[in-house]
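Some structures are shown below for you to check.
The same chain A turns up in both complexes below, where it pairs with chain B and then with chain C.
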Partner chain A sequence: MENLLKLYTTKHLLFALLIVAALVFPLVASTYTLRIITMCCIWSMLAIALNLIVGYTGQGNLGLGAFFGMGAYTTGLLMVKLGLNFWLALIIALALTVILAVLIGLPTLRTKGAYFAIATLCFNIIFTTVVIQWDALTKGQTGLMNIPNVPAIPLPFGGQIDFHESLAANYYLVLIFLILTIVVIYRIVNSLTGKSFLAVRQDEDLAEAIGINTFRAKLLSFTVSAFIAGLAGGLYAVYLGFIAPAITSYGITFTAILYVVVGGAATVAGPIVGSFLLTVIGEQLTAFGTLHLIIYGVLVVLSIIYLPMGLVGAYQMFWPQIWQKMKRGKVHAA
Partner chain B sequence: MLLEVVNIDTYYGDAQALKGVSFNVANSELVTILGANGMGKTTLLKTITGLLKPKAGTIKFYEINIERMSTYDIVAAGVSLAPEGRGLFAEMSVLKNLLLGAYVHRDDKLGNKEMMDNVFELFPILKERQHQAAGTLSGGEAQMLAIGRALMARPKLLMLDEPSVGLAPQIVAHIFNIIKDLNNRGMTIVVAEQNAAMALSIAHRGYVLETGEVSITGEAKALLNDDRVKRVYIGA
Partner chain C sequence: MLLKVDNLVKSFGGLVAIDALDLQVNKGEIFSIIGPNGAGKTTLFNVISGKYRPSSGKITFEGKDITGLKPYNIARRGIARTFQVTAVFSQFTVFENIVIGHQLHAKSGMFGAVFGTGQAHKDARESREKSEKILEFTGLTDISDKPIANTTQEERKRLSIGLALATDPKLILLDEPVSGVNMQEMDGIIDLIRKIRDAGITVCLIEHKMRVVMGISDRILAINYGKKIAEGTVKEVSSNQQVIDAYLGVKDAA
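Up next, the complex of A and B:
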């Protein structure tokens, strides 16, 4: 019990330290680094979303890119076409993303395993095709340009937070949403509802037999996941100011799957670790030109072979053993 | 009657597994369903909990028809099953398995805590093992966890599917003692068993299922002395 207590406090301390580091980061980082880290935060949110439905609930949702795209395009279009400000546009976009998720989840979640993966993949392809073809609304392959910045937030003691000039302001905006997402996910997975997601993944028939409404659990997980993906999409649109149909495609989902697998599925920290690590490595590898995707691929394959539970999964598996050994070692030494 | 099953037919696709089975359980009774493998014991329990839907017949629990209700509503109404083969979430801890049993009461944390203490009192070994993965438990401990998890749903009717399967005789005796003890405290229990001698020694009444039909039914004592039961199921 004492050991557990220690582990928990270390975990909370580590989380607090990371937040402090993230807060002071813009003071020391170059513009280039700050840009990459902001993108890491956005990809982390997408990976967290994927991890909820795929990692925790065991449903191979290959349609997450569409929800990311739904968040991005709805936010962008409402701002560009109707001149809404970012906050209003984001709220409407998220509401529409949730409605879309329920409409897609209701029929597709009746299927299982590979059929569900195929059904959601088809949905994603249709979604991307619509975005490309609906030229009048989305500007098709050209993409939607000149999405305005987040409106400046006036400060009570004079001055304002300006999102047009300041990269740091955008970074903090994304960071705050990432932290909120982590807190929400942490609370979900530690609740009985979150445990029911894991139960569905491990043995759906058994979960049903002990009184879990497995369909409701899957739909809830699917919808919350889509909501987070939509939020990441909305932030992506306003941060970059430009979106193209490629960001709605299933390729986005596969990228997120890589992040989750390398970081560790069904862990809270896994998708974040995976997103940051692979984005940063990917960025370093661009120096190798066209070779970079090959090196990237090899790294991912190696990590899947040698760390099937991902980095965080392996840590959780082996750390208690190492910890025990270290303690025993101390006793012997004394 | 607490539970009244009347003339149910259950099918797996085209294959009929239950043929006009009628079965009832009174409040505070301990009833056993006997029969060899494949005779329909599990099918009957699955039909009562709504995992299988009967093609014909009615099932009443507290005078309410439940044969078309979903499993989670039936569990919430008070019927709880410890499935065959002690189905546990092997990768999850003992504690999480127990908590999941209380899923239908997920908003009542205080009540669940109290129920958990009751289960730990009944099975002290589970308290010791609470942080262990369920997959690492011995057969007897796993069975205790399956029963404990079923109790976490605070059932009015507890159904156990073959609690003795694959266990050493002294562990079977221990488990059956606990089942009897639970019944003495007022819990209504249905036990499906192949081990007829053991089941009849604690039950009030019994039903024998043969190829999906009730062939013999009566008081446990009468069944123990019934020649057909003796010959086929007890081997005397």
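Up next, the complex of A and C:
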């Protein structure tokens, strides 16, 4: 029990330290680094979304890119076409993303395994095609440009947070949403609802037999996942100010899958670790020119072969054993 | 009368697995179902528990029609079951298995957990308390933190029963709960089944081992090819000529 308490508090201490580090980061980082880390935060949110439905609930959703795109395009279009401010646009975009998720989830979640993966992949391809073809609305392949910034937030003691000038302001905005997402996900996966998602992944028949409405659980997980993906999309649109159809495609989902697998599926930290690591490594490798994708691919494959549970999964698996050994070593030494 | 099955039929394509079957389970008894391999015993459980829809017929539980309801709904009405191939959540610990077994009683949902409402805390606490009781009842307290990978077959058998009990059922359907365990372990599980009955939960049991069935049952139903061949007390059924021919006789010859 005492050990458990220690473990619990170390976990929270670590989380608090990481947040402090993230808060002071813009003071020491270059513009270039800050840009990359902001993108890492956005990809982390997408990977967290994927991890909920795929990692925790075991449903191979290959349509998450469409929900990321839905969040991005709806936010962008409402701001550009209707002149809504970011906050209002984001709220409406998220509401529409949730509605779309329920409409897509209701039929596709009746299928299982590979059929569900194919059904959601088809949905995503249709979605991207619509975005490309609906030129009048989306500007098609050209992409949607000049999405305005987040409106400046006036400070109580004079001055304002200006999202037009300050990169740090945008970084903080994305960071706050990432932290909120982590807290929400942490609470969900540690709740009975989260455990019922894990139960559905392990054995659907048994889950039903103990009173879990497995279809409802899957739909809930699918919708929350789409909501988080849509939020990441909305932030992406306002942060970059430009979006193109490629960000709605299934390629986005596959990128997120890599992040989750390398970081550790069905863990809270896994998708974040994976997103940061692979994005940063990917950036560093661009120095190798065209070779970089090959090296990147080899690294990912190696990590999947040797760490099938991902970095965080392996840590959770082996750390208690190493810890035990260390403790025993100390006792012997004493 | 707790459970009533009327004129139940379940066919798979051309194969009639349950053929116009009637049965009644009374409150507080241990009701056993026997029959040779492929007689339709597991199929009967699958239909009662909602895993399969019946082809025709009616199932009544506590006077209410439950025919064709989904398994989760049937579980919520108070019918729990175990599976012939022992099923537990293999990536959970023993304790986590029992906790999730009790989740159908939680009044709060996902939003309660996200906002940390009082009800959510209450639900979590109640499910932990209930789980500790179930662990105690099923004799699993000592291995409560074990991952499933490190448990024995007997422990998994007990756990699968505990998981069913965690739903707080009025009727529990046990599909061959003592298959694959040794004699001594078997006696332990038989005691557990008696204890469940004595705790006021009605037990419906599928079992091949005659020694077990004859020793524990209040009443027995014998089926073959999905049809009833006998129903009654241990004495009545064991002296039934059809049962001896179809089941006991075959066993003895084997």
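Operating definition for what follows: the second predicted complex is superposed on the first by the 334 of 334 C-alpha atoms of A that agree within 3 Å, B and C clash if a C-alpha of one lies under 4 Å from a C-alpha of the other, contacts with A are read in each partner's own complex, and residues count from 1 in each chain.
The working rule: a contact is a pair of C-beta atoms (placed from the backbone, for glycine too) under 8 Å apart; a residue touches a chain by one contact, two chains touch by 3 or more.
The shown structure was predicted, so the numbers you read here are calculated from the model rather than taken from an experiment.
Q: In the superposed model, which partner reaches more residues of chain A, chain B or chain C?
A: C
Q: Looking at A:Ala114, would you say it contacts chain B, chain C, both, or neither? Reply first, second, both or neither.
A: The answer is neither, since A:Ala114 touches no partner chain.
Q: May I ask you to decide whether A:Leu206 touches chain B, chain C, both, or neither, giving the answer as first, second, both or neither?
A: Touch status of A:Leu206: both partners.
Q: For A:Leu198, decide between first (touching chain B), second (touching chain C), both and neither.
A: After superposition on chain A, A:Leu198 lies in contact with both partners, chain B and chain C.
Q: If you stack the two complexes on chain A, which partner ends up touching A:Arg187: first (chain B), second (chain C), both, or neither?
A: In the superposition, A:Arg187 touches chain C alone.
Q: Thinking of the overlay built on chain A, is A:Leu220 touched by chain B (first), by chain C (second), by both, or by neither?
A: After superposition on chain A, A:Leu220 lies in contact with chain C alone.
Q: Is there a shared patch on chain A that both chain B and chain C touch, and which residues make it up?
A: 191-193, 195-196, 198-199, 202-203, 205-206, 208-213
Q: Give the list of chain A residues in touch with chain C in this complex.
A: For chain A paired with chain C, touching residues are 184, 187-188, 190-196, 198-199, 202-203, 205-206, 208-214, 220, 224.
Q: Can you list the chain C residues touching chain A in their complex?
A: Per the touch definition, chain C meets chain A at residues 49-51, 70-72, 75-76, 80-81, 83, 87-92, 96, 99-101, 103-104, 106, 109-110, 112-114, 116, 120, 123-124, 127, 163-164, 166-167.
Q: Please output the residues of chain A touching chain B within their complex, sorted ascending.
A: 4, 191-193, 195-196, 198-199, 202-203, 205-213
Q: Please name which positions on chain B make contact with chain A in the complex.
A: Per the touch definition, chain B meets chain A at residues 49, 51, 70-72, 74-76, 80-81, 83, 87-92, 96, 99-104, 106, 131, 149-150, 153.
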